[in-house]
Every structure is written in structure tokens, then in C-alpha cells.
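Presented below are the structures under discussion, each in the form of C-alpha cells.
What follows is a pair of complexes built around subunit A, which joins subunit B in one and subunit C in the other.
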Partner chain A sequence: MTSNISASGLSYEQALGNYHLQGEFPAHDLDIDKDDLLKQFHPDHRSETITTLQVGPNKGARCHAQLAQILQADSRIDAADLAGARIKETDVLVIGGGGAGCAAALTAVEAGAKVILATKLRLGDSNTIMAEGGIQASIEKEDSLQAHYLDTWKAGHKTGEKALIKQLVMEGPETIRWLIQQGMQFDLNQFGDLLTRKAGGTSGNRVVYFRDYTGLEMMRVLREAVQNSDVEVWDYSPAVELLSNESGHCAGAIVSSLEESRYVQIKASSVIIATGGIGRLHLNDFPTSNHFGATGDGLVLAYRLGARLRDLDSFQYHPTGVAYPQHLSGTLITEGLRSSGAYIINAQGKRFVNELQPRDVVAAAIIRECREGRGVQGDNGMQGVWLDTAGLEARNPGILQQRFPKLVQLGLKSNIDIKKIPMLIYPTLHYQNGGVVIDKNGLSSVSGLYCVGEVSGGIHGKNRLMGNALLEIISFGRKAGATAVKERQSRGHKQICIDHISNLRRELMQNNMPMKCKAPVLFPNYTKYDVSDEDDPHHSRIFDL
Partner chain B sequence: MNTNPSENVVSLTINGKSIVAPDSLSVIQALWHAGYPRVKGVGCLEGVCGSCRVMVRRADSDELRMELGCQLLIEEGMDVFFSVFDTPSHHFYQLSKISTSWDVQTEFHHIFPEAEKCRHCHGCNKACPKDIDVETGVDLAVKGRFRESGELFVECVMCNLCMTGCPEFIDPNHVGLFARRVTGYFHTRPSNLINQLEAIRTGEMDVDIDDEGQKV
Partner chain C sequence: MNTVHKNNVLLHPNSQGNNLNNWLNSYGGSGLEKALDAPEQIIELLKGAGLRGLGGSGFPAWKKWQFVAEQAANPDKYLICNGNEDEPGTFKDAYLLAHSPNQVIEGALISAVANGTNRIVFYINPEQKKSLESIRNAVEQWQNSELFQRVADYLGRPLSFRVMASSGHYIGGEETAAIESVEGKFPFPRGKPPYPAVSGVHGCPTLINNVETLSNIPHILRNGVQWFKDLGKGESSGTKIYCLSGDVFYPGVYELPMGIPLSELIFTHGGGMLLEKKLKAVFTGGASSTILTPKDLDVPLDFDSVRERGSSLGTGAMIVVSEGTGIVKRVTEYVNFYAHSSCGQCPPCKTGTFYISQLLNRIDTGQASNNDLDTLINLCKILPGSGRCHLLDGAINIVDSSLSHFVDEYKSSLKY
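Right after this comes the complex of A and B.
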């Protein structure tokens, strides 16, 4: 991970010597040219990592090279695999067990559909559970839906889809109400009103939250709701290929049952992909804040069936990932700290950026400090800058324990008292801004195929605001769940096929593309999990150690 | 997975396999480092998903402790076992079936009939990797003090270890989550949210997608 950084910076001890606990002080160099900063230092702008897609619906489009590799990889499935596979039928198949998948499944099952939710690991194992900062919804008198709309659009560099953004912000308050009706708690003031705070790039107080456990609180409630519903949950069942019928309508999926070491065909009237993002591919060798299962599976499945994608060269690097200690490298530290007034300080003890700029700007500024020798050198080879937790505590005694118990715990487990010394941080790969092109119901360009949450694109344009992801997964998850149910009446289970795989192979061969790589990859390579194990009858023994 | 050459290297056993790895690694990282595949029982890798439950015995003690494998740094002589097993709850309920908040207490005892049989054996408290006072939480719920009970479970990651430590099959973490959920469901009524919902319903609050704002 050191390849991200060139200049060597100051040692941890030297830099800690330069660090002095002090009250409020101004940042220097705030008049930066943001576009210039992004061009020079944001990882998206490294031209050597961008390539052009050779096959598929986005042929000719710019794409990150590591993503292109899996989008243009061979399928893991042959026609022969289908012959022996058990067949199961349902109305709606939801792929992915995070917040978006649960919201979609709950809504579909409430509407009377038969629903299977298949997920790679266990229900709830997702990025949702790790979300900390909160969820955006414009509810304060001083704020407005229009402001939420404009903040979102501008933060996305004015590239987001306006109609989708409008729907997102209009649904904000209703989404919070729905979550409360599932039994989710939020931080309230003494009168029972929702507490709100700012996020980087928001013009008003708009983020509602539960401590720094917003995602955990949301996910445990949704998981409990799903487990107490008629949704059939399949754990340890990653989807490896989609099915279609003769007219190209998505007609289900093939999942790999990790426990039985065999494939199962699930026929469905409609499919909702909610598989999340791509962080565990460690683009540009960055550490990641993402869940272990975030390997871009949904993008691969949808692209192969003909779904158009967008913004494949745009990723979010969250400014404050843990740089030290090493076993937590990449772990997210919530933006809520900066919202509450925590500074970011370089090895010389100086602020160098307005901490509440949008995430891409702050991340680029941190990379600049490190590359220009003003970073702190951790003894694990990682560089970073300080997130001044100690200063925040000094100015607001008790705030860390009260508002950020998760972070305090994380420090304790690593023998760092974050109330006394700052944390060493560096940007961490956090979010895939783009994804599958969708309409207001989450429908992709393939009939019967819905995509919701991080796997979809268009809402956040080329940069996402804090709190808009949790809002998106619930509001669009519910829309897709409600809409997908309606396909049940219009289509029965017709002849299903996997012709799109033959087409893919033909296209790959015609373009002289290598066929060695297979996708979806399912697990990061450092887990030593081997694709070929799936053909091994004793495979489950291997993966259970 | 860079490792620093200056780090201490320790020996330990994980699921009976002898492993040598730098002491800056967690249990899960050490397994991967040693070349063993492991995907089951791995989740968020930051201690909030409850997937990577392990039993651990340290070199200087006979005590068997429950921890989370992603949070646990390896030590010399440690003996670690992953406890990967399904622990589905046998308690089922739907909040929408509880008609008013007056009925919560009665419903609670229908849904969780074992809760009042708690033997105060501390099995749940000992099993909790987050040091939650689970037993008191159950006790408070039995008394109908759901808000107070739920507060104790703020840090609960639903790892289900307390379920395995309970001889009465109370499912204490699900009791805690029930206590939290009824509190939200029946008692969170924020006026700022409700006013905004009304303003949207009446059309007073809307979004004009062609208004791109004054300042650019």
C-alpha cells in the first residue's frame, strides 16, 4: 500500500512531537483550486489506471482497469453446470443481504409475493452494517428539499441524474418514518425531535444518526424484521450468473451454495440485485473500508446480461481511514467527527484543508500532504496525517464517549487513547460512485432486472455525500421491491437459458481478450479461496478449514 | 497485507493448525497469512457484524474466552477455535401485530416466555465479546422497562454468543433487540420529521429540478 505515496514524511514520534493540543485555530491554505487539486492528487485522475471497455453494452467507455478486468472476464458457468443443478422457483429473487436487499425483500413480501433473498455470506453481512455517520433527510425548518437536491447534484460534479436525485430527496422523510416503524432508533433531543448535523458538502443540518452506529442499528433491525417475515433467506449462496428467457427478460439466477458445494437455479419473475460495491478489489492498491464481500459481483452479472453501466472511472476514497494500527488499516472513521469539529492536521501540526469540503477534495488534500513530505510515517510502512480526536475532546469534553463510542472502543482495542492523542489516518477506498443505470423504480436497461444501492449508478454522479447512501438503499430498495412484485402477474416461468454466456465468450474471443480470469470473483484473493474448489466435492471441508 | 520485518513473530494454533505470523495481525489475518483459506465466519472485519466468533485460551490462563476474530490480535501460545454455527432464534414476532403500546408487556411474555425464568447464572455476560450487561438487560425487559433495557444493548452486534451461554434458551440478544425496537416503534414521534412529512403531503414542500441554485 506504500505505492500510493512517494515522499517519506516525518516519523510517528517526530510528528507527535510537533502535535500540540490546542483550542480552535484556523486552517491555512484554504483558498485552494479544487479542480486542480483533484486533477493532481485524486486517484480517479491517474490516467494509467483507466482503460477502455472492449466488449459489452458500454463498449468504448472509460473504465478503471481493475473493474474492466472483471467486467470482461469469462463466466464461471457452462451449460453442463445447469443440467445437474437443483431448480427452485419464486416470484422475486433478491441478491444481496444488506440494507437495500432487506428493504426490497420486506416490501415485496408485504405485497404478497414469494421472495427468496440469497446472499454471499450471512444476512446482514454488508457495508450497511458498517455505516457510521448517518442518513440524510431534510427535516429542519431552516433546511429544504431543494437544498438537499442541490447539494447532492453539486457534490456529484453536476453529473447525477436529476430525476433520480429529486426522488431521493423527496423520499427522505418518509424513509426515516419507515425505518422508525421497523423499530430503528435515532439520536433525539430532550423534546424527542431528531437531532441533525451537517456533513461535508451539505448546506444545512440534515444528517440524522444513531451515535456512530447508524448502520449497525439499521441493519440489526432490518435483519430481525426479515427473519421474522416470510422472506426465505439463503445464506452462503452467492449468485454466479443470471438466467434469462427467450425474449431477454431476466428470469432468475444461478447461485453457488457454499455449504452444499453445488449450484442451484432459482427461477424468478424478476430479480433485484443489491450486491453493493467493489472495495475489496483494492483499486489502485488502496486499503478499503468495505465489507469482506464487496467484490463487484452485481456489476459483472448485470453487465453480462446487457445492462448499461455508468461512471465506471469514479470511486470515492473516504478521507479518514485508519492508517495505523495495521490490523485495522482501511477501517472507516466516521465523517461525523469532522462534522462535529475535528481538525485534520499534518506532520507539522498544521491544518491544510477545510475539513468539511466534499470527500474527494479532502482526500486529495491528504494525499497531497503525504506526497509532498508533510505526512506522518507509521512504523508499519503506512503514511498518514492526524485526525485530531484529542483536540475535539478538549474543546468538547465528553463528546467522544457520548457520540462516538465505536471509535473509542476501536482505540481501546488497539491501546490508543484517542482522547489524548490523535489518530493516524489516510484515505480509504470507500464507495463506487457509478454502477448500473436505473430508472426511478430501480429498473435497469434489461427487463425484469432491478439494481438498487451501491451497485446502481446515477444518483451520486461522480461523488457522493455522506448520508445519501443509507437514504438511497432504503428508498430505492423499497421502490424496486414494490415494482418487481408487479411483474409476477405479467410473466410466468418460460423457457430459461444462458445464451448470454455464449455471446460473451464469442465477443471475448473476437476481441482477442484473455479468457483466463473468471468472474464474479466472490472473494478477495488474500483469502486464498480458490475458484476451482467449487468443482471439488470436498470443497466445503477446505473452506471450513 | 504488507508485513513489517521488524515485527515480532509469534506461534499459535488456530482450529488445531500451527501458525506462525507477525503479532500485528488479527486472528483472521494470521490464517490468511499462513495460507489457509477462510471465508466462512468472516464479515465486516471491524467488529460490528458478529460473524467471526472465536473461543480463545491464552498461554498463561485456563480460562476460555469469547472474542471476535477480526478484533483479536494474535499472541504467543494462543489457542483459537472459530465457532461457526447457525444459531437461529426460536422466537418470532411482528411489531405490527402489537396493537398498542399498552400491550407490549403482555406480548413480550408471550413471545419470550423463558425470559422470566432467568437463573442469573451470568452465562450470557461471560459469553459477550462486547462486555454488555446482558443479564440485567433481560431482567429490565421482564419488568417492562424496555427503554432502559434497550439502552444496555446499544453496542450489541447480534453475534448470538449469549444465546449459546443461556441454559434457559432465552435468546437474550433478541430480547434486547425487541426492547430497542418497541421503543422506536411506539415512542419515536419527532415533530420536525412529522411536520416535514405533512409539508410534502400537502405539496408545500417540493423540488424544482430546473432550479440549479444561484451560486455555482
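Right after this comes the complex of A and C.
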């Protein structure tokens, strides 16, 4: 990970000596030219990592080179692989078992549709459970939908899709209500009202939360709801290709059943992709806070079928990922900590940024400190800056144990008493801001193909606010589920095919693109689920566990 | 989509666009003028030119015209321009309607002059939204044109155009089903006789022509019989629009001389096989799809030559399949399509297509026994001809054809 950092900083001990457990830090000198900072230090602005797409609906668009590689890769399957493949029929096929997928599946099944939810690992293995800080909804008296709208739009550098943002913020309160009805718990005050706090880049208290594992609690509830519903859950069944009918309407998917080691065709009236982001591609060699399965499969599948994408050069690096100890590197530390008043401090013991700026600004500022020699040099070559957990505890005794139990647990795992010593942090690859272009119902530019959650783009523009992702997955997930059901066809599709694979191969060959690379990736290359082994086209290695 | 070929007539740049003035200024309208000058010679001309029905039947177009021309109007005569096109791998009519509707409309007006078909219905697949929009636009322009008025005056009966979205069912493309549909009913095929030429829409004599057939007519009238004959290769006349799809490098719509060899279509125009795989089979599209194999690469693509190889040129759709593709799977997909498309009117077809598709699915997924294969072969013998229309025969044709070429592949898919 050293490639991210040029100048060497101060040693851990030296920096710890510079750190003084103070009550307050002066807040002056924190005004900075944000645009300049982002341009110089944010990883999205490294021109050498950006390329231009040469095939597909976004031909000519800017794209991160590592993402471009998988968007312009050959399919994993051939027509021959489908001979003898089992065929299963359903109304709605949901791909992805995170929060968005579950919300969509639940809504569709409640509307009377037959629903299959196919997920790469197990139901709930997702980035939803990694979400810690909370979920945004404008529910406070002094807050307003307009303020939520403006905050979201501004944080996204005014590039978000206004109609989508409008729908997102308007659905906020109703989404919280639905979650409570499903049985989700939130932190409450002594009167039983929802507690709220401020997130980086927001103008008021708007984030509702449960401890520092809001997403885990959400997933617990959704998973139980799905398991108690009529949704048919297919674990260990990553989708490897979509199907389409005679008029290009998405008509299902081919999933690779890891347990049976064979392909299965699922025919459906409509498909909802909720596969999440691409953190596990480790763009720019960054560590990631993302779940194991976040390899951008949904983007690849949708792009091949002709869905337009957007903002493919924009990713969110969460400012506070663990930098030390190394085995936890990339693990997320919640923004809730900064919301509650924790400072970020460099190796010289000084604050250098207003911690409640949007995430991209704070991340860029941390990278600046490290690159300019004011970072803390860990013994593993990793650099970082302090997140002042100890200062927060000193000012608010007991807050860590009560509000951030997961963080305290993380401290124990790291052998660091975070109540006394600050944590070493560095930005971690966190979120894919762009994705598949969708409308208010989550429908992509391909009929019958819906995309919800991180795989979709447009809501957050080029930067996302804390808490908006959890809101998005539930509100858009439910919308997509409800809309997808309406496409149920009484007589099914006339013909189903994978002709788009031939089209892809033609385009790749015509543009002299390499045919060796295969996508979707399915699993990062350092896992035992390596299905990319050329000598072993069918994934039998899984059984060598 | 394609480069201009010297044989391009229907796809010639001058034929493109739905602006009537552009069409009249390039060379449009002159065929209709000639028709109005000598109405009695039109059918003779078509007979001389040897124009065949290009919607799949290959039935001589002039014969159909003559039947209708001989009938008395009762009180009207109908022309249905059949653009229901829904066969797997066929997309030429949609292309013609979307890009060059004027020649279709002029062909229809020539029919009005020759046969007295004063009620003209453009019957279009509703899923082809571009085609519908394009022809609606063009028809509007024609209705206000001087030529339209001249045809109406000549007929002395009310002349009308109607652009109608069909039901979108595959079976709606069958002639008598189209008639039912035009009458506002579900497209159930009718029994024959009476033939449409005698009693079709509302009991009136009705002529049904495919979009591509009608498109050729203005060109034949304008340029003459010899010109049309010279376009074709060998005994064949004119051009054919081939829909090339599947595992070739350049799939697409190709207008080429009727009677070019299959190899020329695939390897010269189609750019050869995708990923340089070996050719395994070609599914010809249309009501009676069948299979051509690599040994048929030399077959001239015209109705009679392809029929001699036990196959059918059909609509001109050529779905190219490379080694590595399961024939049983492909055939299963076809038969699923037919089972899905059966209107359910005739029990042998309703249950037959369903049962064959079940058998094929079992064979394809490795669940079938030898008995299942025998049953399939038996059904192929007893079912043909037992439906009102040819849908069932179409389903049997493809199974039969694949069994004759690839029976080993069927056998190796059996479980026991």
C-alpha cells in the first residue's frame, strides 16, 4: 500500500509523543480551498488511472482503468456451457442478498409475485452489515426535506440526478417507519423518540442509528423477514450472465451454483440487480472497507446487456479506515465518531481539517498530511493520522462503551486501549459513487432490468453523504420490487437467448481488445473461491477446502 | 448497417427515409404511374418477372394477385400488408418498414390498381415501435398526395389506408389469423377453404402480401421484367433480403441476389465465423425452419434449390451456429417458442407442441430415456398436418430436421 504515500512521516512513538490528550483543539486554520485539495490529493484525480471506454453503451466515457478492464472483458460462459443446464422459472429474480436485494425481494413477494433471490455467498453477506453510522431521514422539527435534498446535492458536487435525490429524501421518513415495522431497533431518548446526530456534510441532525452497527441491525431484521417469507433464497449462486428475450428485454440470468458446480438458467419476467460495489478490486491499491463479494459483478452484467452507466471515475474513500494493525487494515471506523466530536490529528499533534466536511474532502486532507510528511509512519510501511478516540472519551466519559461498542471491540482486537490512545487511520476504498443509470423506480436503460443500491448511480453524484446509502437501498429497493412485479407476464417470454455475448465478442474483436480477461470477477484473486483458474474452468477448487 | 451493394434495390439509399417528397424526387412514383397507364399489364409483368412471395412461402406472387383480381368486390376488396414478422432470427420487414416505407406503400397502391384492393391495411408487429411510427408518418403523407387521389379516381370506390398494430402473437402472421385480427378478433387461424382471395376480411376478397414482396413491385414496374430477372443468379429473379444472425462476425440485413451460395453469405458478407470456430449448422428461419449443415454451404439460396436439400429458404433468416453449441438445446428453444405460440385451437397442436417441448427439455437436461427419444420420433411421424395452420408442422419440421442430421447428439444426451 506504500504507493499511495510518498514522503515518510514521523515514527509511531515520536508521533504519540507529539499527541497531547487535550480537552479542546483550536479550530482555526481549517479553512482550505476544497476544490484545490481534491484536485491535488483525491485518488479520483490521478489522471494515470483513468482511461476511456472503447466498447459498449458508454463508449468514449471516462472510466477507472481497473473497472474498464472488467467492463471490457469476455464472458465467463459460452453457449456450450448451457447444454444440459437446469432451467428454473420465476416472476422476479433478485441478484444480491444485501439490504437492497432483501428490500426488493420482500416488496415483490408481498405483491404476490414468485421471487428468487440469488446471492453469491449467503443471505446477508454484504456491505449493508458494514454500515455503522446510521441512516439519514429528515425527521427532526428543525430539519426539512429541502435541507436534506440540498445537502445531498451539494455533497455530490452538484452532479447528482435531481429527480432521484428528490425521491430519496421524500421517502426518508416512510423508510424509517417501514424499518421499525419490520422490527428494526434504533437508539432512542428517554421518551422513546428517535435519537439523531449530524453527519459530515449535513446541515443538521438527521442520522438515526443503532449503536455503531446500524447496518448489522438492519440486515438482521431483513434477513429474518426474507427467511420467513415465500422468497426462495439461493445461497452460493453468483450470477455470471444475464438473459434477454427477443426484444432485448432482460429475461433472467445464468447463475453458477457453487454447491452443485454447474450452471442454472433462471428465467424471469424482470431482474433486479443489487450486487453492490467494487471495493474488492482494490482500486489504486487502496485497502477497502468492503465485503468480500464486492467485485462489481452487477456493473459488468448490466453493461453487457446495454445498460448505460455513469460516474465511472468517481469512488468514495472513507476517511477513517484502520491503518494499524495491518491485519485489520481497511476496516471501517464509523463516521459517527466524528459526528460525536472526535478530532483527526496529524503526527505533529495538530488538527488540519474540519472533520465534518464531506468524506472526499476529509480523505484528501489526510492523504495530503501523509504525502507532505506530517503523517504517522507505522512499522509496516503503512502511514496514517490519529483519530482522537481518547480525546472524545476524555470529554464525554463513557461514550465509547455506550455508543460505539463495536469500535471498542475493534480496539480489543488490535490490542490498543482506544480510550487512552488514539487510533491510526488512513482512507479506505469505501463506495462506488456512480453505477447503472436508473429512473425513479430503479429501472435501467434496459427494459426489465432494475438496479438498486450501490450498483446504481446518479443519486449521490460524485460523492455520497453518510447515511444516504442505507436510505437508498431500502427506499429504492422497495420501489424497484414493487415496479418489477408489474412486468409479470401471463405467458412468459417467447424466446430467451444470450446473443448479447456474441455482440460483446464482436465488439471486442473489432476494437482489438484482449479476449483473455474474463468477467464478472466473482471473487478477489486472493481467495480460496478462485474461479478464474484457467486450468480449472469449472470451479471445482471450492471443494478442496 | 451495410455498404451499398450494386444489387441493392430495396436497401438502396434512394429508397430510404419516410419522406414522400424525397421518394418522389429520387425515383419513386414512376412504378405507380406506369401501373395507372396500363393497369391490365401489371399481373402479366409480375408473372414474367417471376416474383415470389417473400414472407416464407415462395408462392408465385402473380397467382395470388390474379385470384383476387378475378373476384368481384363485395363491396370492397382488402389488401393486408403483412408486417407481423415474429419468426426467430427474422428482422427484415421491421427494417424495411422503419427505413423505407414508401416503396411498400407504393406497392400497395399498385395492387389497388391491379386488383381493385381498395381497403389497404398495414398490419404491423406492435413490438416494432420504430416501424409503426415510420409507416404511420409515411401513410399520412401519401393520403394527401396527388397519386393517392389518382388511384382513388381510377378505382371509383373509396380508397383507404389503415395502419394497424397486430396482436404481437406469432400466430397472427398466418394469413387467416391476420384476417381475424383485422376484423378485431383474437388471431385464430381459420380453416380453408374458403381461401382469403374469395372470402377474407368481412367476407370480402382479400390479398395478403408480405412487406418485402410489396416493396419489390414498384421497382419491377419501373425497370421492367428483364432488369429484375438479371438481378438474380441463375434461374432466380430479383434480390432477397437475408437476415444473417448467430455466430458470424458481421450479422445484419443483407440484400443480395436471389440464389447466391450460402458460403458467400456467411464468409464473404458475414465476415466468417465469430472467434473462428467451425460451422456446425444453419437454422433457416420462417414458418418451417429447418437445418442446413456444412455440406450445404454450396447451396444457392433460392426457394427451389434450398427445398431440394430438404430445407426451406423461408423468410431468408439464416441463424448460424458454431461448434460448441448444443443442437438439442437450440431445437428445444425453438420448440418452446412454438409451444408458447400455439393458439390452442386445434388439440393436436396445443398438446403436441407442449408435449414435444417437454420431451426435448428432458432430453436436453439429461433426464430422458431411450423411450422418450422413440416417443419424440413417433410424434414427428403422426402429428404433421393435424392442425388448421402450419404452426404444428413448423415445430415438427425443425425436430425432424435436427434428428436427421444430429441424431447422435440426441442419443448422447439420454440418461439411459
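Here is the rule we use: the second predicted complex is superposed on the first by the 524 of 545 C-alpha atoms of A that agree within 3 Å, B and C clash if a C-alpha of one lies under 4 Å from a C-alpha of the other, contacts with A are read in each partner's own complex, and residues count from 1 in each chain.
To be clear about the criterion, a contact is a pair of C-beta atoms (placed from the backbone, for glycine too) under 8 Å apart; a residue touches a chain by one contact, two chains touch by 3 or more.
All values reported here derive from a predicted model rather than from experimental measurement.
Peer 1: Do subunit B and subunit C fit side by side on subunit A after the overlay, or clash?
Peer 2: fit
Peer 1: Specify the partner with more touching residues on subunit A, choosing between subunit B and subunit C.
Peer 2: With both complexes superposed on chain A, more residues of subunit A are touched by B.
Peer 1: Looking at A:Asp193, would you say it contacts subunit B, subunit C, both, or neither? Reply first, second, both or neither.
Peer 2: Touch status of A:Asp193: first partner only.
Peer 1: Of the partners subunit B and subunit C, which touch A:Arg220 in the superposed model: first, second, both, neither?
Peer 2: first
Peer 1: Tell me the contact category for A:Thr331 with respect to subunit B and subunit C: first, second, both or neither.
Peer 2: After superposition on chain A, A:Thr331 lies in contact with subunit B alone.
Peer 1: Touch test for A:Leu21: subunit B only (first), subunit C only (second), both, or neither?
Peer 2: A:Leu21 sits against neither subunit B nor subunit C.
Peer 1: In whole Å, how close do subunit B and subunit C get at the C-alpha level once superposed?
Peer 2: 28 Å.
Peer 1: What is the shared patch of subunit A, the residues that subunit B and subunit C both contact?
Peer 2: Common interface on subunit A, subunit B vs subunit C: nothing in common.
Peer 1: Which positions of subunit A touch subunit B when the two form their complex?
Peer 2: Listed in rising order, the residues are 1-2, 121-122, 124-125, 129-130, 137-141, 144-146, 149-150, 153-154, 162-163, 165-166, 169-170, 173-174, 176-177, 180-186, 188, 191-194, 196, 211, 213, 215-217, 220-221, 223-224, 227-229, 236, 258, 291-293, 325-328, 331-332, 379-381, 405-406, 409-410, 413, 523, 526-530, 533, 542-545.
Peer 1: Using the touch rule from the top, collect the residues of subunit A that touch subunit C in their complex.
Peer 2: Within the complex, subunit A touches subunit C at residues 78-80, 82-87, 246-247, 491-497, 499, 502, 505-506, 509, 515.
Peer 1: In the complex formed with subunit A, which residues of subunit B make contact?
Peer 2: 1-2, 4, 6, 14-15, 17, 24-26, 29, 31-32, 35-40, 42-49, 51, 71, 73, 82, 84, 88-89, 92-95, 150, 154-158, 174, 177, 180-185, 188-193, 195-197, 200, 205-209, 211-213
Peer 1: Quick one: in the complex, what on subunit C touches subunit A?
Peer 2: Subunit C residues touching subunit A: 86, 88, 127, 170, 245-247, 249-251, 274-275, 324-326, 328-329, 333, 336-337, 340-341, 361, 364-366, 413.
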